[in-house]
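Every chain is named by a letter (A, B, C and D) in the order it is written, and numbering of its residues begins at 1.
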Amino acid sequence: MEFQGNKLHLTVFGQSHAPAVGMVLDGLPSGFAVDMEKLQSFLARRAPGQSRFTTARKEADIPEFVSGLTEGVACGAPVCALIRNGDKRSADYARFFSVPRPSHADYPARVRYGDAYDFRGGGPFSGRLTAPLCVAGGIALQWLEARGVFLGAHIASIAGIRDAAFDPVDVSAADFEAVRSRDFPVLDPAAGQRMQEAIDLARQEQDSVGGVVECAAVGLPAGVGGPLFEGLESALSAALFAIPAVKGVAFGSGFEAAALRGSRHNDPYILKGGQVRTATNHAGGLLGGMTTGMPLLLTAAFKPTPSIGQAQKSVNLDTLEEEELVITGRHDPCVVPRAVPVVEAVAALVLMDRLL
Amino acid sequence: MEFQGNKLHLTVFGQSHAPAVGMVLDGLPSGFAVDMEKLQSFLARRAPGQSRFTTARKEADIPEFVSGLTEGVACGAPVCALIRNGDKRSADYARFFSVPRPSHADYPARVRYGDAYDFRGGGPFSGRLTAPLCVAGGIALQWLEARGVFLGAHIASIAGIRDAAFDPVDVSAADFEAVRSRDFPVLDPAAGQRMQEAIDLARQEQDSVGGVVECAAVGLPAGVGGPLFEGLESALSAALFAIPAVKGVAFGSGFEAAALRGSRHNDPYILKGGQVRTATNHAGGLLGGMTTGMPLLLTAAFKPTPSIGQAQKSVNLDTLEEEELVITGRHDPCVVPRAVPVVEAVAALVLMDRLL
Amino acid sequence: MEFQGNKLHLTVFGQSHAPAVGMVLDGLPSGFAVDMEKLQSFLARRAPGQSRFTTARKEADIPEFVSGLTEGVACGAPVCALIRNGDKRSADYARFFSVPRPSHADYPARVRYGDAYDFRGGGPFSGRLTAPLCVAGGIALQWLEARGVFLGAHIASIAGIRDAAFDPVDVSAADFEAVRSRDFPVLDPAAGQRMQEAIDLARQEQDSVGGVVECAAVGLPAGVGGPLFEGLESALSAALFAIPAVKGVAFGSGFEAAALRGSRHNDPYILKGGQVRTATNHAGGLLGGMTTGMPLLLTAAFKPTPSIGQAQKSVNLDTLEEEELVITGRHDPCVVPRAVPVVEAVAALVLMDRLL
Amino acid sequence: MEFQGNKLHLTVFGQSHAPAVGMVLDGLPSGFAVDMEKLQSFLARRAPGQSRFTTARKEADIPEFVSGLTEGVACGAPVCALIRNGDKRSADYARFFSVPRPSHADYPARVRYGDAYDFRGGGPFSGRLTAPLCVAGGIALQWLEARGVFLGAHIASIAGIRDAAFDPVDVSAADFEAVRSRDFPVLDPAAGQRMQEAIDLARQEQDSVGGVVECAAVGLPAGVGGPLFEGLESALSAALFAIPAVKGVAFGSGFEAAALRGSRHNDPYILKGGQVRTATNHAGGLLGGMTTGMPLLLTAAFKPTPSIGQAQKSVNLDTLEEEELVITGRHDPCVVPRAVPVVEAVAALVLMDRLL
């Protein structure tokens, strides 16, 4: 459960119903001051229970820093933060050890870990583990901002309902702030309204919906990354697929690029204010695994929440008989709104690592 | 330019117009016998010049193994293979150092590497580097097959023209063989015919097209992978994005999953021949970063070849003036057919690493 | 502050006067049951304050496990343990930021980390950090024992006074137990008595002494390790030099081997009970970076404690003037007795990693 | 067979009697010009056959660079160099597969690699593999020198006969040049004469001798390295123990420090020309795993060459009977003179990695 960057190493630990989840971030430069209030605001965007669109589980998500920071300032030693797990209802999960929930990690996790697997609350596969990811990523975001690199994300679509897209050539930090100022992180509030209605409808029907998050970064210099396995796409996608429920990652025009002609897809170089820029940005700011200096653009697709209230078919692994399963307990009908800061967090970690 | 698996380490070296490209594969178990004829057949599927759909550059692509194999049998020491670069026309590239080709690595590479950058033929960013990838991956494929794991790919689409898809529940090694037996690697020859016409048309119009490759693996046990950054999707996507021109990677239903309801997307568990299986396979054989034992399914989107014959806008980096650029030389109007074995190669490396 | 094994990853965090020190151990196999009482006994061997030979600082050193263990049994997720820091006297250290203590990390640490460096109690360079090392290593020792691999260490010398040596051919787990049963970890109690007198004398003279720890492991199969950088000596020495105050590491005859003739140093192969063994063991159980199946033998040299009560010369880094420095506070006149379990701990981590 | 630095990755490949040995060095900065003549001189110091003190095997050891250099200048892509193996007498080794040579890697290598092990000439465990190490390290040395860091080594002792030592406080690049200018790399030619006599005597008696190499580096800034596993000693020792035949590594006073009092061992800080220095340098330029800015000093102990002409006892692994073994063929009675540049090479790689 480690992110091994070139200079930044992140170790995440914890299970959903263990005493705590947490992280150790090694590589934060000595002297960097973490704005704790800003970090807490960032974590609040991911925390559950803040709106009607998320699970009813209440978690304060206030990290305790036990090393690496002296009054908020990095001393150069690894930064360890804990978030205690409270409000657990482990009994809710007792049955899933025998009868795995469809499209959850239950079944392969039991195969891998055997009887000692801590399946309570999804164990180490729980979305709960994105809390420490956001502690690390929230610090990385602050570090990037101090260097003029700004990063933001929004819901690109939920249940097929699309938000406006970032301007691939001119997206700016102001756009990121606009999204953050809204309760529901979209560019177009009208689209956001329709998405929320779709989520509500799914909830009423004991169902769930998925969606896509778009993320952009501006202020990156050109030439960051490298050939083959050193490419920035490799590092970013590896980090993004670490987020539970992500099923697809694309850069720039992504899968749509595959249907375009080269003459349409290529981004011509132009001069703008004496700088080398491209007139379009189908590349999403990445060529040859390296940044071009244009906005970096990526999308991550999230599957619908596998926990739904409807009865589902499963198999009892102990009796080897098919059984019907009804999942009770508290679950998001849509993880996408809370996933927006998580996408920002992991992208920020990768970019910080490469800029250190 | 290294793939750092848990047990398998691959180092790729070379530039397009250096004396050689090659690879060092560390971790191949002692005693494993490489079928050299089979490996050469695999490499031939990637090699250029074998059909009218690829660049006219002739390359024999016959690797010389200088260490690690004794009469084809691994001795346990790292395996090094060289492929000499011949038939180079470095003069073709002289201008691109000053005037970067749109949507190629030229510009960011010059920023990163400076004046010493070996831009001839695209340097280390050239598709030429996929030849040593295929040497390593071709060996990995043989190793997997010896353990009952079969892996295959086909062109899922070119220029928007779709092939049939692998059966997500019942795809088999026989399907992979069927694709390999064809000159043009598709499931549906009629679709393949239309794709080839689209490529021909693009060539005639001095243009290029992109496409999508679908890859599947069968015979994998359940429980391979792990939480967060240990997930198989992270490792596979990192390897796939290392392939030049890949802009998107998805597993199972991928981006389409984002528009589905949970009730539709979830894969119910069933018993089949006493085995735990899923009735559908939207997950693409992966849950919680781990294999489910169902076929592993992934897609990779390739952008259209950036080298096109049409005049394009660029900027002279030395004079800082905009210039028109016409690319001559030999180029594939579509890299997708040759990319099929490359996708197999890198996927095989990752899977072998996790099964070792 | 990470140990990156092939399968075992250890992240250590904390500073001497931070809220806590701790560790995250990733790779402990699911289902392994930690004997907490035994672990606590192991930690007690390292803990200060248990005898007159160590610093007066009182530390309970009772780890709190916040993840990865369910009632002491590993669930497969990373194991995180915290040890809270109490009884800190940070004011003792205020001066050393300006006037570095000779032969401590103070000066280079300030150069590296700058003004934000947490110099209190030696920060992350404190011997305090060996407490979490021992938590991880103590678990590794238990894992090894469950596989028939036993590991033990003793004081080979202090202040030049030598203990008996392990029998290089016939050392056994019983020898390790004998050492552990003693308050002062030596093979020969009479030698131990003389060492303690030397320590007492040094303390009375406001001075300190160093020493050598010898460590052995039995029950290892042959063939563990590999060529060049894969050698077991590389991994073991890297882990041993991570222990503060270690200045030398040797295997088998070590530096003495350099003065021997080959005819004397070579270990002839013999058959013993049908097994391939060597008649002597100058190799210390390691050839070509691999285990031979004979006892693994290593020594680690510890410098004398740099904190001494005598006045010393130093330089004020702020005024750039030479100053006399007198170190008050609590310090071990000899770290070697407490270092014995630390050597066992890091050696156990490396061996467990290679046997997993 | 990889050195994984923070920024520099070295992959070594080859076996003694494979077509070639070689290396891939990733991380050499673009634009760095390798002085090929100087590199060849460096390699000549390690090459066999240049004097009467080394094996009669003739090897030109001229590397062929197949990637990463354009007319000697690094282009930023990995640098691959091959050294072809010639003058092999594989038949000399046929018996050792069944009857392992005492104190060679033969026995554990056969256990590890099984029947497919390439035992000819010692396979990947041969001293032959230090040739590509020296290619990489010779480049690193040039890179360091261009940054004002100089590194040199000499024979500290052979067969117990001691050379003078480097001045721990004032050793300089001139001392390194003086050693290099001599056929036999010592500081004191008279001591060197006695060593050569000892080697000759051992040869006449069909025996061998070991020795110690001392290495120093000057020009290093303070503060390079870090706590616990980040310490420079860990990285240096791991690299040094990768050299075949090394049995001990120490820094500064090393094992002798263990017998000193703190008052004698501590290095007082002084001002010298406005710089913070230490009056003595028992620390060998390293405190807390970090450089102090004083000369870095280390020693590596080499065991006597295990190949001796005298009859030795061994065991036939196929018949499981004890047998007498007589080793014929060509062997160094002492590897220490040729090991001097190898020690420089691996130390240079580690230091370059940390300074990049």
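Just so it is clear, a contact is a pair of C-beta atoms (placed from the backbone, for glycine too) under 8 Å apart; a residue touches a chain by one contact, two chains touch by 3 or more.
Predicted model, so just to flag it, every value in this text is computed and none were measured.
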### Query
Counting C-beta pairs in contact, does A-C beat C-D or the other way around?
C-D
### Task
Check the residue numbers that subunit A and subunit B use where they touch, and answer same if over half are used by both copies, otherwise different.
same
### Summary
Farthest chain from subunit D by C-alpha centroid distance is chain A
## Note on the structure
Averaging C-alpha coordinates per chain, one finds the centres of subunit A and subunit C separated by a number of Å equal to 40
### Message
How many angstrom lie between the centres of subunit C and subunit D, each centre taken as the mean Cα position?
### Response
27
### Message
Residues of subunit C that contact two or more other chains, please.
### Response
1-2, 4, 12, 77, 112-113, 123-124, 227
### Message
Tell me the shape of the graph of touching chains, choosing from line, ring, star, complete and other.
### Response
complete
### Task
Write out the stretch or stretches of subunit B touching subunit C in their complex.
6-7, 77, 227
### Message
Per the contact definition, I'd like the list of subunit A residues that touch subunit B in the complex.
### Response
1-4, 12, 100, 102-105, 107-113, 123-125, 129, 133, 157-160, 202, 207-212, 221-231, 233-235, 237-242, 244, 246-255, 257-263, 265-271, 274, 276, 278-279, 282-284, 287-293, 299, 301-308, 310, 312-315, 317, 320-322
### Query
In their complex, what parts of subunit A are in touch with subunit C?
1-2, 4, 9, 11-15, 18-22, 24, 26, 30-31, 64-68, 70, 73-80, 82, 112-118, 123-124
